[in-house]
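We call the chains A, B, C, D, E and F, going by the order they appear; numbering starts again at 1 in every chain.
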Amino acid sequence: MKMHEAKRIEIIIEKIMEKRLTDLLTEAGVKGYSVLPVSGGSGSSGRWSRQGQVSRAQGMSSVVCLVKPERLEPTIDAVFPLLDRHIGVVSVTDTMVIRDELF
Amino acid sequence: MKMHEAKRIEIIIEKIMEKRLTDLLTEAGVKGYSVLPVSGGSGSSGRWSRQGQVSRAQGMSSVVCLVKPERLEPTIDAVFPLLDRHIGVVSVTDTMVIRDELF
Amino acid sequence: MKMHEAKRIEIIIEKIMEKRLTDLLTEAGVKGYSVLPVSGGSGSSGRWSRQGQVSRAQGMSSVVCLVKPERLEPTIDAVFPLLDRHIGVVSVTDTMVIRDELF
Amino acid sequence: MEQLFALAQQNLLSPIILFFALGFAAAIAKSDLNFPEAIAKGMSLYLLFAIGFKGGASLSGYGIDAQLILSLLAGIVLSACLPLLAFVLLRLMTRMSTLDAAAVAAHYGSISIVTFVAASSILEIQGIAYDGYMVAVAATMEAPAIISALWLISKNSDDNRSMDSALMREIMLNGSIVLLIGSFLIGLATGKDGFAEIAPFISAPFKGVLCLFLLDMGLVAGRGLVNAKGAVSHRSVAFGVLMPLIGASIGLLFAVLIGLPLGSAVLMMVLSASASYIAVPAAMRVAVPEANPAIYLTLSLGVTFPFNLTVGIPLYVAVATAVVGG
Amino acid sequence: MEQLFALAQQNLLSPIILFFALGFAAAIAKSDLNFPEAIAKGMSLYLLFAIGFKGGASLSGYGIDAQLILSLLAGIVLSACLPLLAFVLLRLMTRMSTLDAAAVAAHYGSISIVTFVAASSILEIQGIAYDGYMVAVAATMEAPAIISALWLISKNSDDNRSMDSALMREIMLNGSIVLLIGSFLIGLATGKDGFAEIAPFISAPFKGVLCLFLLDMGLVAGRGLVNAKGAVSHRSVAFGVLMPLIGASIGLLFAVLIGLPLGSAVLMMVLSASASYIAVPAAMRVAVPEANPAIYLTLSLGVTFPFNLTVGIPLYVAVATAVVGG
Amino acid sequence: MEQLFALAQQNLLSPIILFFALGFAAAIAKSDLNFPEAIAKGMSLYLLFAIGFKGGASLSGYGIDAQLILSLLAGIVLSACLPLLAFVLLRLMTRMSTLDAAAVAAHYGSISIVTFVAASSILEIQGIAYDGYMVAVAATMEAPAIISALWLISKNSDDNRSMDSALMREIMLNGSIVLLIGSFLIGLATGKDGFAEIAPFISAPFKGVLCLFLLDMGLVAGRGLVNAKGAVSHRSVAFGVLMPLIGASIGLLFAVLIGLPLGSAVLMMVLSASASYIAVPAAMRVAVPEANPAIYLTLSLGVTFPFNLTVGIPLYVAVATAVVGG
């Protein structure tokens, strides 16, 4: 099977900002993304978990986005302003995908 | 701690096909896998989210499978027919595992 | 955007051990982690899924932890005793992060 | 005619319909109102449990008679044949591909249990009795339509798309059918005593739960329509309104032939008129992944379901009253 | 005075309050008792649905009168102005930053619907009637406070933090408001008949669900307090107790000016005294991410909510009885 | 004997048991019927809340008497000693490792609250009264068995497996116990008035919820059995049927010694006969991860639970009636 290089961007961000983030991703020309629920975590702003949440203001989501290597730079640039103001973390990993026309 | 090279296969696929996929993985000799819920996403067939689902036909899952490098090729070959007909994405990342007798 | 090398540790462990694991991570000086729900899986101890669970003793979680490369060794050492006695898998992937003062 | 308007008005002003409309409007207005998946699933389990048990309990004490058998057979025949009619209609009315048309057709042969529940609730409010075994008829109508549609596809294409046995088992033993039939049989076995034991749980709160459930259905149907903008043509929408009317007419014909009383005749019409949006979409995703889910979900859930709920049911009641007699 | 103690005692021994206390204690003791997110959300949907519908149904048949209009206006004015007062108080009493103080202030202008529901339940137990439209007043008081707080921030800082239209829509169409107002209107439209249909679902089990819901609120509030150790100063806590008393007094003033009867006057006090912990925190995270959520959530949910539930409500009933007369 | 058959038949035909059987059958047939985790958790919270509150409320007004104290002590002794007996039996009857045998033994000393709830429901249907404090006895029987089992393990192996304090706290403050005891105490404190307030929520729908819950338990137990094929030997299964009979006999002995009336004696037997599948498995995973969960879950949930539900409870009622007298 022929594989192609790609970048896996993983953004952990407040649930309340999820739609704004995915809108930015779409505007930046990303062809797809997946959102995974996060049930708890810890960071500079303390520890939290889904239990003990009363408000949609709390809680995080993990947004995973596979992109062609050349799209990495513009994608990160597009979402950075949001990430800068709001709590959350970003990581970028080298990966391989099968059908690169999809990314 | 001695670490060993491995491949992390991540397959995002329709929930309704999840059991068929994991059956194929097992047949292909994979020693384990984990399924994570996906709460929303976007791709060539549009945007979706768990809210606004009435049917088990909708929704995606993320299947993560750690395998020894030499098992990558046969594993991908085994599941490709399913992935080809159904919507979903696959990525393969180099990773390290601790006890390689498990993979 | 300046990126920095980091390690992405992904630990899939029994839900009942989740708090003990994250306590160990915190003691080991990790600055943050995220917990994702796992809805099913398979391994040497068989296949399972969230449906068909009656007990909090069952079920797994995925704990994702981004650390600076030099923190990898001590982190793994700190959590190994727990992982050794309890079922679960660990993988470590090279990744890049944006603001490395966070890790 | 006047009576029809009165009926329609009464129906449109019932909380059941108004909550559906509220959900629909909230979705169109892009409100973030939403029900957790688990709660929606829980409410649907409750409705299946309650309607099945009530049907069985109300039947207990009566023997199996010819009308019951004939009604079950009629259900199977309707479910198997309506997709053929729907398929021909779709090929004539729209420009859908063979695959899409067959997939849509499957939905219209099968049934929507929520439409059935809403209709039986409306019958109860209007004091019209119906037979408990209509629940069993509903259950028999889920699957045959899928087999018809897969036959249509294999006839119209080269590749042989026979159902694999795993899919067959999934369809026959899908959770909704098992719960509905199981509750029906338990209701039948435990009869009036069993019913008395759990009546405070399945009878009194039923309509309230139905309101909340339809609120969620309104949200889902409305969001589906918003997202599917452009996926379905005007002609398809016309089909989504025409087909239930045709289905209801044929259902009425069968009801008259069998000699069903008013309430059961209405339910037979409703079953024929309604389109599946749970069991059939799942089967189509597995067996016909090339068919576009946006088309069949939008038609069954976004067009036909609201049509039946608001206009269809009072219309069917009025027509059945005229034909069968009150 | 004696009567006040009797009231307070009766209140503190009601299952509603005791279950809240149980949850609070379990959280402090670090028990792993917890409600699944979906169940908590489901219960809150039920409460909004029931309280909205009951309010609307009880109002149906009455026309719109001046008191209703004045109450709605009073609600808007209170919600818009209380944050200004709270902000000044916070700047005087505590060392919070401008941003934090404004964010906290927004919470105290807005309302806690659960406090409202608990108060109306306690009124019912004590046989004190209240007007159905107070539900609508509650709904109008959610949003204005947010706008006031954003205005405070833009006035006190360089950067212009006007609300973007997406946020505005999210606030106005947030799920709770849509469900509350929608149920209210449907209750109004279907009146006594509609109410009779679903009463066994929304009336009889209401208090029981409220007990379970408050148990969960106790768990959440208690865990919040445990986690927030150190995030809020003693002076802030004092604000969290003082502000509801001030809010209730001003609410009572408005009630007297409008001429509200006892039950409605108490509810107006409760609305003014209560602080939001759902809609406002969400809006603040989007618009003022620099403000520390630990501060405003701890104050509204960990301090003011328990205070109102245990001490506040019986106090407001006693004071209103003295001022307005039983 | 005839009476026993009549009882057994009545029990087997009650909706509660039939829904459990439906779930079991659906799981074996590999139907995809399933309850969302949150709904199952929600139902179990409801059952604990209701049974605790009812028990407390029914006790309020009565003082603490010797029988109550003795029953609580009996519960602790039974829970602590039954594991020793079970361990010896397992070593004699099966080839399990010491660790596995000790882990299984812990389950049989502890209790299944759902079996308790089902038994009390069946007693109510048969018009047999029981004491409200049996709920408190149930709560005291959860933990001692765990400590006994850990003592067994440390005695039979080199490594010292004393319970760490975190585990101890988790066991003593686990959510089920806190909710059960908390509701019991609140029921006790608020008495008849409190009960009247929330009775429509906890009394009338109780049996219906129990039916749905047992349907889910049937699914889980059936799936467990299917998955565990081969994990448990025939001899272990024999233990899973024999042990509850032994437990029930010893429970009856204690009941007679204390002088418990019929209903409470039956419940004491049921508690002794039932095996835990929530609290104890969790504790074993933490403290004895080497023990195989497939063994202890299959035995307690797949063998003993269904046995008690179908055959055990009517048997215990019949025997207790013969011994204690109706």
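The rule is simple: a contact is a pair of C-beta atoms (placed from the backbone, for glycine too) under 8 Å apart; a residue touches a chain by one contact, two chains touch by 3 or more.
Please read these numbers as outputs of a predicted model, since none were measured by experiment.
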Quick one: which chain's Cα centre is the longest way from chain B's?
-> E
Farthest chain from chain C, comparing Cα centres?
-> D
Roughly how many whole angstrom separate the Cα centroids of chain A and chain C?
-> 19
Averaged-CA centre spacing for the pair chain F and chain E, given as whole angstrom = 41
Just give me the whole-number Å value for how far the CA centre of chain A lies from that of chain E.
-> 35
For chain C, residues that touch 2 or more chains besides their own | 36-37, 47, 56, 93-94
Among the residues of chain D, pick out those that touch two or more other chains and give their numbers.
-> 32, 34-39, 42, 204-205
Touching pairs here come out as A-B, A-C, A-E, B-C, B-D, C-F, D-E, D-F, E-F
In the complex formed with chain B, which residues of chain D make contact?
-> 27, 34-35, 37, 40, 166, 217, 219-220, 223-224, 227, 277-278, 281-282, 284-286, 289-290, 293-294, 297, 301
Which chain D residues qualify as touching chain E in the complex?
-> 13-15, 18-19, 22, 26, 29-39, 42, 125, 204-209, 211-212, 215
Note: in the complex, chain C contacts chain F through residues 14, 16-17, 20, 45-48, 50-58, 85-87
Enumerate the contact residues on chain B facing chain A in the complex.
-> 12, 36-44, 47, 49, 60, 62, 73, 76-77, 80, 83, 89-94
Touching chain B in the complex, chain A uses residues 1, 3, 6, 8, 18, 22, 26, 31-37, 61, 64, 66, 93-98, 102
